[in-house]
Amino acid sequence: MSERPQDAKPQYPTALGASSLESITLLGTDLARDVMGTVGFGELSFWLATQRRPTPGETRVFEAVLAALADHGFTPTAIVTRLTYLGAPDSIQGALAAGLLGGGSRFLGVTEDCGRFLHDVLSGVDGALPVDDAGWDALALETVTAQRALGRFVPGLGHHVHKQGDPRTPRLMEIATQEGVFGPHLSLFAAIGRVHEQVLGKRLPLNGAGVCGAALADLGLPLELLRGFALLARTAGLIGQLAEELRHPVANDIFLSVDLNNAPVDPDPYAAPPLPAAGGQA
Amino acid sequence: MSERPQDAKPQYPTALGASSLESITLLGTDLARDVMGTVGFGELSFWLATQRRPTPGETRVFEAVLAALADHGFTPTAIVTRLTYLGAPDSIQGALAAGLLGGGSRFLGVTEDCGRFLHDVLSGVDGALPVDDAGWDALALETVTAQRALGRFVPGLGHHVHKQGDPRTPRLMEIATQEGVFGPHLSLFAAIGRVHEQVLGKRLPLNGAGVCGAALADLGLPLELLRGFALLARTAGLIGQLAEELRHPVANDIFLSVDLNNAPVDPDPYAAPPLPAAGGQA
Amino acid sequence: MSERPQDAKPQYPTALGASSLESITLLGTDLARDVMGTVGFGELSFWLATQRRPTPGETRVFEAVLAALADHGFTPTAIVTRLTYLGAPDSIQGALAAGLLGGGSRFLGVTEDCGRFLHDVLSGVDGALPVDDAGWDALALETVTAQRALGRFVPGLGHHVHKQGDPRTPRLMEIATQEGVFGPHLSLFAAIGRVHEQVLGKRLPLNGAGVCGAALADLGLPLELLRGFALLARTAGLIGQLAEELRHPVANDIFLSVDLNNAPVDPDPYAAPPLPAAGGQA
Amino acid sequence: MSERPQDAKPQYPTALGASSLESITLLGTDLARDVMGTVGFGELSFWLATQRRPTPGETRVFEAVLAALADHGFTPTAIVTRLTYLGAPDSIQGALAAGLLGGGSRFLGVTEDCGRFLHDVLSGVDGALPVDDAGWDALALETVTAQRALGRFVPGLGHHVHKQGDPRTPRLMEIATQEGVFGPHLSLFAAIGRVHEQVLGKRLPLNGAGVCGAALADLGLPLELLRGFALLARTAGLIGQLAEELRHPVANDIFLSVDLNNAPVDPDPYAAPPLPAAGGQA
């Protein structure tokens, strides 16, 4: 960790919230006069993350993504929020935070992985990007073939429930098209949907979490934060879960369904993976 | 904890997200067709929390509240998110969750406390609620006087920076009036603003966190979750903080400003508060 | 929030960890030479919390409490840690943190509540504390009677499983007696166990979480942190849960047992609790 | 996610805590009779994580590691716990959880990274492991050279403060030697300390977090959980930080030192990294 000259008083620059005796600004804009009552919550979230105000079309696509990711019923994150509330009803913030902590690589990660994957492919194109479906199909074919050769999945391809198509995918593509922000990430993703069967020998759906990652990338949002937007959407969903739990609780039943079906077993002592034997002259 | 008959298969009812092979619904509505592209994020958040779709006017007030609470610069929650990212850049969800955990009774609690306080006063009114300013002023006077007699603060009254008025307060009242949702909580809060000086002998501002609580209560949102809405707003703010930290980092400087100014002191052994001495025949 | 003179450079005093080019100290003690290899983890935890080194007897009681609270199988906190790991296997810290967040008022709170309750009763004794069982019984009778009159439970009394006695309770009392730290909190708690039937008309067990609170209070630990020690114990338990989940996973089965048994229901629009009607001249 | 036959009642096996009407067991052992008062907290934590009871020598090394990692003064995790408590004093669990969330790849990761790195090198040895210092030095030389060729650091090598040696390193090696658990991970790590200067051209210390990882790996603990043990140690440290904050608070001063030194700047609109231009025939 680098050291900082200690004679200088530290300064912490920020373009976000600031306040003085008489005013409050956010992103250089008067909060009360020019944000409250004028800027919707999706638009504001986009603005805060990028420090640029999105167009109405960008906002519409962004909010469609947030809607697509807000809640999927009894996911692990939803169950966690409800069980945490059961144990600590005094701390709403703890119940929400616990739920968000399950939003990692496996359950909310597809959005991020897909956006990054598409971006990496696009960045690595030698020459110009395609301008028509035939061009995108060729790039997609190359991409899927390369992943297959590496023994890797294509992020965003396949879904454990919506095996014949995730309804969010065509809808988000439609909205992005309407708003003129159907860019290279969505183009490549759509092409992957058209061509992968040639390589993989079976037809898989383009899933909704993946298309959301493609759309967020086309909106020019920071790739490092794609998971963050999924978490923002999920926060709204988890508040919905909590609100329902408060009125129609199921957490105690979930707890009991596990606890009462526990099956005591003998300890299974852990053995570390073996190393080569000590030898000597070897 | 009550026990549940174990012969019955557990069932977990929910009106939130559900999916089948071909469709995804949210709150009984087709997600792709009727939510995505149609319902804004603020509107959706309200809907998820109440299971009823808000009117456009309610949505506008709700989103104004979220804007008012989204970010206030270098609050403890913002600092915490940045420092957590410094230590664990591999976990965006951890940085956001850590920030939210500071959203407890002291910093984000005013919204909740104020909403609940006003609601308790209103619920306890013996007879009918006032219909004009004079009536609200009388109730407010009684309320402030009673709090004072109990040695308690009135939640939402006073601000450590905006001593001559928090600009969010009149603005939110204006928006609520425009949208026809200026109800009894805001009426009582406004009246407290008019009359408290008679009791307390000094003029204090009605703060923005407090007026947000009053407005959320007038929107009919669950009082138990008022803090949750502040946390939702803050999630968007914390993503903004993270986005800025990624590009213009300050967390390491903050860390060093503390660590390099640590002052080692001798241990100060803890002594529990004394109890009466053991006596005997007492 | 009070303001601090800004001309003074901030200084942050601490008696905990400090390091220089050549040494590392903890609580004023040389870490490498005088702590590592010499001070057990329970002893160190006590020392860190109180800034005084416990006696071997105090350490034994403290570690017995930690053992009593470390793990109780599939509690909500254990389920939460496992489910969070399922969603975010990239973040061990997130899985542990999520589990701890369920350690609030309901599940881990008894330890804290019981310690505080006993302390409050003892602090309020007018005169001297009892010196024999008869004296403690009289105080306990008064205490249980007063709680009953207030319609309140006695914290630590009753257990949903160990209805005929929690085996941890007599064992911890025995250890505390052996070590000479059976003080007024345990004395009062034991007396409550003897006399409550006279008041309540039924015999309830003194539960293990409660006796732990009494013992921690007798050890002179800060009442504000009693829940913290329960959380420390639980951290070790949650690591055990994670270790088992890594080798014999059940989280996905738990998730599916909930998700596959979801029962979609119609939305149930929330209605805020009613207020008095607006009246007017009232 | 695989599906599970729904006709079978789910069963959740565990060897950890279990209770019946009359007894409580932990790892198949009677908790009250054979764990409480007998098993120290470090020993119990080891046992819970491995489902095997450590020897006294293993426990001593394990507890020395926990002591080495418990607290380092005003680290980001400590600051985060204090600031979170400032905002949410109602939630001790939130303050501890928030602190742990900073225990990720950067600050607490060295222990894990070092243990894994050494294990990977040892696992990849073709033939037998060395039996003397000359053999270990040869392997270490090869290892450091290979890392350098890859442009990678050797985990555990170097320290930003203890540039002439971290006092924890020789001490932990001494304790491990005394207890007969100085195994191949520590042997390789020590050899890296002896030979790296030949490759890197400068002498760096073996840091304490690294040697802890080597020692934990030699104890046969699961590599996936090495970070977990660092977090366990840190939990005790964070309770110490909270205890000190309760009596000698600094969090508000830290907050103000940041907030009062904020420097408002203009928004800096984010631009996504550029992609190749759209071309067509390319």
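Going by the order they are written in, the chains are A, B, C and D; count residues from 1 in each one.
Here is the rule we use: a contact is a pair of C-beta atoms (placed from the backbone, for glycine too) under 8 Å apart; a residue touches a chain by one contact, two chains touch by 3 or more.
For clarity, every value in this text was computed on a predicted model and none was experimentally measured.
**Student:** Considering B-C alongside C-D, which chain pair is linked by more C-beta pairs in contact?
**Tutor:** Taking the two pairs in turn, the one with more contacts turns out to be C-D.
**Student:** Indicate the whole-number Å distance between the mean C-alpha point of chain A and the mean C-alpha point of chain C.
**Tutor:** Measuring from centre to centre gives 36 Å for this pair.
**Student:** Could you state the distance in Å from the CA-based centre of chain B to that of chain C?
**Tutor:** Roughly 28 Å separates the two chain centres.
**Student:** Using mean CA coordinates as chain centres, what's the chain C-chain D distance in Å?
**Tutor:** About 25 Å, centre to centre.
**Student:** Residues of chain C that touch two or more other chains: which are they?
**Tutor:** 1, 10, 12-15, 18, 49-51, 73-74, 88, 90-91, 93-94, 97-98, 101-104, 108, 222, 243, 248, 254, 257-258, 262, 268, 270 - these are the residues of chain C that touch more than one other chain.
**Student:** Sort the chain contact graph into one of these: line, ring, star, complete or other.
**Tutor:** Here the contact pattern is complete, since every chain touches every other one.
**Student:** Enumerate the contact residues on chain B facing chain C in the complex.
**Tutor:** 1, 9-15, 18, 25, 27-28, 49-52, 88, 90-91, 93-94, 97, 101, 119, 122-123, 125, 127-132, 135, 160, 184, 217, 220-223, 257-258, 261-273, 275-280, 282
**Student:** Would you mind writing out the residues of chain C in touch with chain A in their complex?
**Tutor:** 73-77, 79-80, 83-84, 86-91, 94-95, 97-98, 101-108, 243, 247-248, 251, 254-255, 257-259, 262, 268, 270
**Student:** Show me the residue ranges of chain C that touch chain D in the complex, using the header's touch definition.
**Tutor:** Spelled out, the residues of chain C in touch with chain D are 1-4, 6, 10, 12-24, 26, 30-33, 35-37, 39-42, 44-45, 48-51, 60, 62-64, 66-68, 70-74, 78, 91-94, 96-98, 100-104, 108, 161-168, 170-172, 174-175, 178, 208, 222, 224-225, 227-229, 231-233, 235-237, 239-244, 246, 248, 250, 252-254, 256-257, 260.
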